[in-house]
């Protein structure tokens, strides 16, 4: 029963007015995208074929060296990919049970608990990240506990990829939990009963019914956390002690320290293209044979 | 303690420099002079600067003295951001404080104004050894602000031997200080260590020399605790790190009450950096800017600056008024013997080889 | 061939009410907070029988099913499955299957995988699974639909899938919660016949929840009428329709004309009673509730079924013969219903009476039976049901 | 007092089919892509009439309503409201209101605000609005419910709110799309009577969509039977039931026994035909479709209604008198339905015949009428409906 | 199913009650696990915030994290600090207009998109997702360049000199946030019961009135959610702001980053703590507003801020 918000009578006048309205509605956003997204992207692409001006920045030119270098210097990208993938998995491992708990077990307190998930967002990301320095620091509780547990006389968490991973998961967990929660919440409970009724135990039911049905949320969540993780550069700086070098940091180096905008741009294009392709592929893959667009990116 | 100067409330309790400023005859004279020179002083001044790099008291004093009502102080956290903005064409500021080696580039790209010295009588106070340096042979575009050196910081009690040379430093990193060494996250400064150790220029862009430097860097990389320009002082204070390649500022800040702290400029030599005041080409408030540039070189005012940020001042007349403790600190005011070892740092960011090595180094964790 | 679908059909006749009961519900009460959904229920569901739980919305039907299936635990009392108590046995270990009201088909599986779900849990192997799924689909006349997506199918088809998904596990008892509720009339009537036939064929005990009395009458061996969690009456369709024990049942199953009155005399043996209605009518009829002990002066209600009444044009009164009640009235409205015509007749003695006449011969309206026409309504004493509650 | 609810009830009688039509649908076709939802439809809906659109799911009922309401534009043809063409007039300018299948009550407004919505759009002022909302609520027996939240109400109540919300605007025509579809049986039957009474009272033209033929028969003045977007037949309940023009209608309205056969002779005047069924039975009956021109040799279907057949134990054959058809058979199954009993009788000459008998006297099953018993099935020629399509 | 089979099925249950008990314990374990997991996760999420808040009350006089006793002085200092004040007011006066614009644009676009064909919708989707995928630093620099060059151009043509400042920051933030809102509102729209719109039209409401009286109230939760998220994002953004800020438009994150250079004094923590308090207050207000709105709009459970935030 897809019916337009406004019936479209054949009268030319009305149709024209409708067209006008539609345009008016789409204009601001469209304009913004055009000016502040498309144009910048064009700039980046143009730059990616230029050369570094004598004192840094961009000098017009048409060369492919930047791309060649981008490929030669793909390691940061690989590292980012690893971190992002593991980070996403981490968020999933932490987030899924939580979302499930919220959707099925939280009862009256659901509202509050979910609000609690949001609140961290409202404290400066930088400050929160710095707080982790204290928590994970050598003379901190965590390290102490681990040391007493493992018996090692000194455990260095900060400055290791582990610390970065913790930071990443911490920073983006809620983005994973929300979509998961929403899908689980909307899931038809009688499906779970049907499954149990047909002899599937708790785990069986989870594996064969809950998980597949939560898939759309899972995808959305994964993408929501994966994207920013790929571009992340503050967390590795602060918690990674600058010893974990991700794509974000590489871009910073190119654009700022080396002031080599062309090579930075080339890298950016490289990154964007790969991400678009992978994400599109991912979504397509999960959409095969499903109801139309059951899985959307957001 | 100096660190506390981070907070205005505390520095408010510090000696009232506003009074001393007003008291300085030549300052007021200069003021009137420059004021006379070109029209009235605007009521606004826009400054783009490192964070907390001038004393809030001085700002107040300045505003009071010249009737400047709005003094906008925005911060950048690296010359690169400053440059990026200028190169993109973002303007609107009157004064900025780039590090000296960036000045030539900025001049070349026309970001800076030639200074009218007649309007800056206080320039006479500047120490000659900061004049006519390569980045501004005729001192037309910049006024030395603060200087410091790049060297080795250490915790005496945490390392067996105090490093004298870059070689010592190298050995410590690979030995006792392994996993407890911090490098500042700054390409230019990091390259000083291998290049000087090898006896090359710290600013070298020669392929062979850089290749050798590379081996050393990759050699030490796995032993590093952190690459960090912000919190290395804290790390050392906490004992998380025992050795650092860095700047002197932290000695009097994060490490203020670390008794066994030490700083040395290795005998193979190092670089000194100089932060400078520049007048941006499209400064909307040139008169207020001139007023400030001169005002800040007033000995009393400058002394307050030094006391505030604990960096060496190139202003000779100011030294007598500086807190003796600070003045005595060789880390802040290196003796001439040491200074002789220092090379002015240059902008070498054009070398893609450096960048590639730098990235490789940053990613190299050994194993 | 459908018979081959489930190789081991029960031998015993559907209505062997004496057979060992498959489900025994003993003094079960279920409370949700202060709502008592099911109240001190006792029920023995005979093996292979088609049992219906009938009652208005909210009377506790679903709750009862859910307790048998194991989704709810009784607050009091206990439930036996095939003679064994099952308290604490989780649903997935009970040999009982449910057809849910809205089917609850798994949207992410095709038909075959839906139907095979239960078998896969028992790890019976691909081949065996495929075979039995095939049989089950044949049984519900959906051969070849295995690869379909459930949400591509019509309501009736989905309903069949749900059925197959449950039957393929050969449960001891099959629970159905208003399985036809979502279908439209025509389809519902077809599915009713199908379901009944299917149950006969596989001989599995069906416990069937509905609030549609016609459905219950058509399909059931035994009907349990519930109200507010309490069982009102249970028995075969005939018994419930012919001898409802109280006004609620008489009203809920079929239509009735009610005449409140008081007992004037009653014969304990034959349980025949003479009742004086509040309308002043003298009526004789049998007390339906065997449990009751009617006494003179008791307030009762006399119920009559519309099809047991006949209305004839009032010219020339025929003598009200013995064993008959006959009262004059006026036709208020006649509604043509195709196979029958329903007359609403206004009488002084018994208020408005509904009379249903089968259109055995031609068009509905006939001479002297138009609105406003005077008529005589009459019925046999046998048609009088004396309800003590 | 209910009558006072809508101060200006139409005066003209409900079934004045000659009155100026409120809605005229002239050669309207509606296509969605390649689906033809409505096909060359012609319809004149008389003022004050109760019209029903009856048909299986997907036959185009809702689409028709939506075109009258203005949510869809006809692909071809035109629609007149009270004589005026309304192409291009948006819904909110048509004096027509709809009761939606699932009521579509506004969740963020209470009952009163829901009902008053239409009036507010016309800015008639608070006091007037309050008054008329009050009246409308009274009309649907919901006085005092104004402040209720719609989702707190039962299905039946919600349905009434939707009704009030539409009626309060005094539309020329009221469109109802399966308004009772969501209610359970008992409630549905009550609401049917209410709706019908209401329509009589306010005298507004009702166009009523349903796929429940019993509902249509009970309520309608005129029934339009649709199939795949095509009108099959329209007329009063009696006409449709007694003289269905084709097999589809005969099957969709009521139940029928079908016997395919060929015409052996036919009288153009009386339209009486002699038919030889494929079973070899010689049958006489009237051709129902006046439009048709039956000829000898035409393939036809003879339909008989179960209630027009009677089955008697087969002992002592009574002579098959003139004007009767009588064939022997065996009872295959008897289903007790309370007011009636339905026998499925296996005959050699006419296949399985359904015979419905009203339980006018006592219990369903009676002597000699058990499964397997031989019986004689017989019916008058008048019961034979000769369907040419 | 034959009778013996039934007996077997039953027998299993009777003869091995052990099995039953085991199962029940499993059930209990699962419950325990979920609770524990949730508890730990919340601890994980709030530990850092706790640290920040505690340190805000540190009586130290320096940029240190060693606990030197309880004091409120840093709140005083923070409140008295002009830099903080201007940073705060900047952040606020950037975040609020940005949120309004983004919410308006996003909602409008969402509504517009259901009135257009597949092709246009696809185009918008691509842009929307792009704006989320492109790394901040990249878009930031590119935007900076874009602004600078256009400003120059404008100046050379018209002589009007546009300056970097709050406006430029807002403009840049609005981009990402519009996408955010667009997605939220569209999700809500797709879940909305369209027959309500028909019903409204049927009851003589013009399209505009239908929007005002039916569609908008239904979309409100998503819109509010979008607004809050936009506000947060803008308030907390560092990278983009750094690049497109102008004289006197430094925001709180920039201030904090500067602080970090010198070592975080409790002042920063005090600011953060006050922010947190402010936020909680805002959420509370929002909750009340919603409760009120819900009382009028009767969603079964009064739409909580929680739902709103989970709209995504």
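By written order: A, B, C, D and E. Residues from 1 in each chain.
Assume a residue touches a chain if its C-beta (ideal position, glycine included) is under 8 Å from a C-beta of that chain, and two chains touch if they have at least 3 such contacts.
None of the values given here were measured: they were computed from a predicted structure.
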item: Those chains which touch subunit E and also touch subunit C; value: A, D
item: Furthest chain, CA centroid comparison against subunit D; value: B
item: Pair joined by more contacting C-beta pairs (A-E or D-E); value: A-E
item: Averaged-CA centre spacing for the pair subunit B and subunit A, given as whole angstrom; value: 38
item: Intercentroid distance (Cα basis), subunit D paired with subunit A, Å; value: 57
item: Rounded Å distance, subunit C centre to subunit D centre (Cα mean); value: 26
item: Distance between chain centroids, defined by C-alpha means - subunit B, subunit D (Å); value: 92
item: Contacts with two or more other chains, residues of subunit C listed in rising order; value: 90, 93
item: Set of subunit B residues in contact with two or more other chains; value: 81, 84, 231
item: Touching two or more other chains - residue numbers and ranges from subunit A; value: 3, 7, 255
item: Interface residues, subunit C side, partner subunit A - complex; value: 69-71, 90-93, 96-98, 100, 102, 104-108, 117-118, 121-122, 149, 151, 165-166, 169
item: Subunit E contact footprint on subunit B (complex, rising order); value: 1, 3-4, 6-10, 46, 48, 50-52, 70, 72-77, 81, 84-85, 88-93, 229-231, 233-234, 253-254, 256
item: Subunit A-touching residues of subunit E, taken from the complex the two chains share; value: 26-27, 30-31, 33-35, 37-38, 41-42, 44-49, 51-52, 55, 65, 104-106, 108-109, 111-116, 120, 124, 127-139, 141-143, 145-146, 171-172, 174-175, 178, 182-183, 187, 194-195, 197-198, 201, 207, 210-211, 215, 232, 236, 238, 252-253, 256-257, 260, 264, 268-269, 272, 275-276, 279-280, 283, 304-307, 309-312
item: Subunit A residues touching subunit C - in the complex, by the definition given at the top; value: 188, 190-191, 193-201, 204-205, 208-209, 212-213, 215, 290-291
item: Complex interface listing, subunit E residues touching subunit B; value: 61-64, 73, 76-77, 80-83, 141, 144-145, 147-149, 151-152, 163-165, 242-250, 254-255, 257-263, 265, 267
